[in-house]
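Encoded as structure tokens, here's the structure I'll be asking about.
Labels for the chains are A, B, C and D, by order of writing; each one numbers its residues from 1.
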Amino acid sequence: MIRIAMLGSGRVGQVHAASIASQAGAELALVVDPIEAAASALGAKYGVKYSLDVQDAFEDASIDAVVVGTPTNTHTEMLERAVAAGKKVLLEKPIDLDLARIDATWARIADKAPFVMLGFNRRFDPSFREVRERVAKGEIGVLRAARITSRDPQPPPAAYLAVSGGMFKDMTIHDFDMARFQAGDIVEVSAMVSTNGLEAFEQAKDHAQAIVTMRAASGALVTIVNSRSCAYGYDQRLEAFGDAGSLEAGNWTATTVRAASATQTEAAGPILNFFLERYMPAFKNEMAEFIAAINEDRAPAVGFADGRAALLLAEAAQRSVQTGSVVKL
Amino acid sequence: MIRIAMLGSGRVGQVHAASIASQAGAELALVVDPIEAAASALGAKYGVKYSLDVQDAFEDASIDAVVVGTPTNTHTEMLERAVAAGKKVLLEKPIDLDLARIDATWARIADKAPFVMLGFNRRFDPSFREVRERVAKGEIGVLRAARITSRDPQPPPAAYLAVSGGMFKDMTIHDFDMARFQAGDIVEVSAMVSTNGLEAFEQAKDHAQAIVTMRAASGALVTIVNSRSCAYGYDQRLEAFGDAGSLEAGNWTATTVRAASATQTEAAGPILNFFLERYMPAFKNEMAEFIAAINEDRAPAVGFADGRAALLLAEAAQRSVQTGSVVKL
Amino acid sequence: MIRIAMLGSGRVGQVHAASIASQAGAELALVVDPIEAAASALGAKYGVKYSLDVQDAFEDASIDAVVVGTPTNTHTEMLERAVAAGKKVLLEKPIDLDLARIDATWARIADKAPFVMLGFNRRFDPSFREVRERVAKGEIGVLRAARITSRDPQPPPAAYLAVSGGMFKDMTIHDFDMARFQAGDIVEVSAMVSTNGLEAFEQAKDHAQAIVTMRAASGALVTIVNSRSCAYGYDQRLEAFGDAGSLEAGNWTATTVRAASATQTEAAGPILNFFLERYMPAFKNEMAEFIAAINEDRAPAVGFADGRAALLLAEAAQRSVQTGSVVKL
Amino acid sequence: MIRIAMLGSGRVGQVHAASIASQAGAELALVVDPIEAAASALGAKYGVKYSLDVQDAFEDASIDAVVVGTPTNTHTEMLERAVAAGKKVLLEKPIDLDLARIDATWARIADKAPFVMLGFNRRFDPSFREVRERVAKGEIGVLRAARITSRDPQPPPAAYLAVSGGMFKDMTIHDFDMARFQAGDIVEVSAMVSTNGLEAFEQAKDHAQAIVTMRAASGALVTIVNSRSCAYGYDQRLEAFGDAGSLEAGNWTATTVRAASATQTEAAGPILNFFLERYMPAFKNEMAEFIAAINEDRAPAVGFADGRAALLLAEAAQRSVQTGSVVKL
């Protein structure tokens, strides 16, 4: 039985706790959060202890692994301390907003053969994964283009915008990883953005929507279509286009009901909204991979280098916006 | 060039005239209708003569064929005169409302090797035809069940209801033929009907909706789902279910546009409405078959016997309603 | 905390145990099965005791409720004993294969104000439930017709066929309940069946497929389309047709992936197969209703009378097959 | 009756001739093509005269209008001569491959108040048009993004590639016009392309696929996804995304048949292939607009300036490819 401590009991911490509870072969051992009400509530829900201090997780020899769901600016510290304590780590994205800090962290932990899995949960979404696997099996021939549609239902609050690191590092980071997951290494990045004329984004010097075009080392072209708001919900789609055909992964609705009336036909309900609903199976599969990799004593399917690479793409996209030019990597 | 006279210039006459005009190798030669305004208007549209008397069509040696789109109660007379005059005939359904008259007509024309094609246009609908052909090729293995959904957008006026011969002979007649087209000869018929509590149908002793279940000689079960009204338009669908899979033909919309909003997603527009729009390709293909059969000097794909068989099923369904029992044929 | 004993640890017992485990406010207290290996395995999975004797469940005062998932021919005995012991009961369908036994059982328990919920899980399927609710809200006007498509992926083994009670009581029983759920009380039943010429069904005097047509007291017509086998999986669909439109609930696929190739487009994957996959959310919702009704001290949404009514329809359908006539209730 | 001469009897000439024939209020008056076999065949098909010399069209006072479907490098000459002769002109795209020639031509004809409609037939596609109209009516709020998917089934022969003017001017030109039709004037263009490693495209210094991203003056971002080949046919789709929702126009299949088998479900047939099939309704609507504008003595819906603007975008996209930078207009 792998015993896991959950660091952070916010939204994503609650998701991971539920995922751990659903896994045979693993159990939640401790919940840590400096906010006692949050820590105790999540601990109580699963009948486990809580603590206000992460050191309790690192010092507990019965704990095998930690899931880091603390604020982004604490990620590298948590990672370093966890590795030093000999814990396996599932680290939420992004590793950090600053590439230099990321590299410094890695320099400090690299010789400890750290077990670090990055929380790019979408790689474990059954539909996106199926696309990847069918492409890998050659069903559509050589992959020529991939298209990622990723729109959030509504923008984060202005306070969050100010510290988010910007759309590319905060939201598109998932799509950059998906681009790499589907098409492999990326060698060129170009981006065009808009604030939609909204003051919140202009003040934050951030983007309300973006189109990012990339060239993969394989030659495939990848497009990301982003929007910080979407009236019909959390739009998460993927198209892989190859010489022999295409594969498209669409959105999920809560039921299969379709309505016909005097004015329209085949109307489906709203799509699943938001990431907790849409990606719950992905979060569970992600946790299963974390546990399986630990049990099988192997590297997890997505690692520190993937987290770094996604951030690199986010920075390249931002640079392309500033220079108006393609950025080569 | 096959020269064709159109008998009757009502709605279906106009459709056939347009179909003739679209065919290479055939031309409209004459329009006949006792209502001069109607006859002359349709004649003028295609730049051909018109007449108030069908005898002009039968006596004109330059005319090869006639399309009979006159009122149902004149069909057998038109057919007999046309055959007597040596004309090929495309006869609108139903042949007649009375089986005895149908048989008497046939007795009088049978020895003349008449060329009679029945206007079951839906057999020529590209989607229904594709289902038939793929089933025939064995794609879904042995056909076990077929389901025909056929709903008119709105009921005919009360005056028409009174003389229509009843829903089964007037509307379901197409579906009975489709049942035979898809599943072959029918040996048992059972029907359940409803007036939806509407006075118009109760006074006419007619049905607002019906479910007809049949057994084919092959063993396949066939269901017809009918309604005299349908809020979302002219609902025309088909399912063929076999040991190895199924084939379903759905409705058409005018465009491919799908809408998503805060309350729903993938909403398509209204379906094509009514039979002129939905079955225009079928009418053209039907005319092409009529012309091809004439040119190739062979029997047309759907003949007098098919018209009689459909009426037999209509009568059986009505008898089943009256007796509450399965009617065996 | 409501404590529940699971009587029977077969396939459906395992489903219910999982459902109980997923509910806050309830816990599995005991697993009973005369086959020790089965009982102990399920008990171990959820860390609870097991017993070989149902009496242990009935005698345990700490147990509030039992879920009866034992063989059909023990249902009435289990129900009577459970009620006598003051337990709330969730009883799997059918109550019994014999109407006289059902009524005798009721006569013996009726004065004890028994809490009995019937396991018609499909009423709790989110899609079918949404259809019911939207119809009830008037979205499609007066309901005129309902159509239930229900096809099992493959027939049960011959040994099971011999004791199943026949397709109508064994398989269609769910659809009869769905008919009542969607359209209310049924007053007429007509059925047509086929063995598909297969010896297994002919020997068992059972049906490989069936079309059942019913009239509801409301006037709505309801059609059930059944097949004991379906190449493309567990086909579970519903159409509700009303004066103002229609609502259709379709099948689920495991992912949203659609493929296009040189020969076809928009090809989805296989549909969820079999009932464990398709109806797991329904089983969970069913258990939630069981627990909620207990907590709120009210009758559950589906009760003993519903179980009896469905069996009555099954018998009527069988009688219609034998007589070739509509059976009035 | 508007009398129209068809200049050029190649593939697009045949389409226009058919469109003219389908219009009330217009007739084909003359077919011109230097290849006599082609000219006479098309003339014979519609029973009209033919000529080898365009001058015959310009000199014939009974001819009101000409449709220019001659090779691209003759377009400006044809246009100038037609305008000089007082004919209304429907000119196939592109006006020319050279902007300087386009402007010189305009300078020579501008003072004659020329009636010139550009053959951007896709503006008249019912689905794309419906999207435009519903967006204009405000159904999806402010338009924030548009996405045009446009893939040809297979690349043109190498000989054609050499003289085509390049993918942007030859193929994407339609999409540039669609971008302007849906989103209005474009102010920034960025493009990324690939030869897919194919020699034919490398030798022609042309592109096998391209992603073009543009900013409209309105602020909307527009993406064009192009491929010179597509295994599943002629992929022609559009998405308009706005503050209140989205509208998507998809591909057409020849029938509505959907197949289910042991391995997949809801598989549709191939999409309509190629532009003659896909855009025949658009070609007819285009001709109807040409005739209506003539009859109503008003400017046609799409004019010379639109042809020039699309070419400007094609050049900007090519420049973006060469410089790796966004091109501002």
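Criterion: contacts are C-beta pairs under 8 Å (C-beta built on N, C-alpha and C of every residue); 3 or more make two chains touch, one makes a residue touch a chain.
Keep in mind that this is a model prediction, so the values were computed, not measured.
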- Query: Which chains are in contact with both subunit B and subunit D?
  - Reply: A, C
- Message: What's the farthest chain from subunit D if centres are computed as the mean of the Cα atoms?
- Response: C
- Task: Give the chain pair, either C-D or B-C, that is connected by more C-beta contacts.
- Result: B-C
- Message: Can you work out the whole-Å distance between the CA centroids of subunit B and subunit C?
- Response: 42
- Task: Please compute the C-alpha centroid of subunit C, do the same for subunit D, then give the distance between them in whole Å.
- Result: 57
- Task: Mind pulling the residue numbers of subunit B that touch at least two other chains?
- Result: 140, 231-232, 244-246, 251, 259-262, 269
- Query: Any idea which subunit D residues touch subunit C in the complex?
  - Reply: 231-233, 251, 253, 259-271
- Item | Interface residues, subunit B side, partner subunit C - complex | 140-142, 144-145, 147, 151, 188, 190, 192, 194, 196-197, 208-211, 213-215, 219-221, 223, 225, 227, 229-232, 241-246, 323-326
- Where on subunit A does subunit C make contact in their complex? 126-127, 130-131, 134, 139-140, 244-252, 254-262, 269
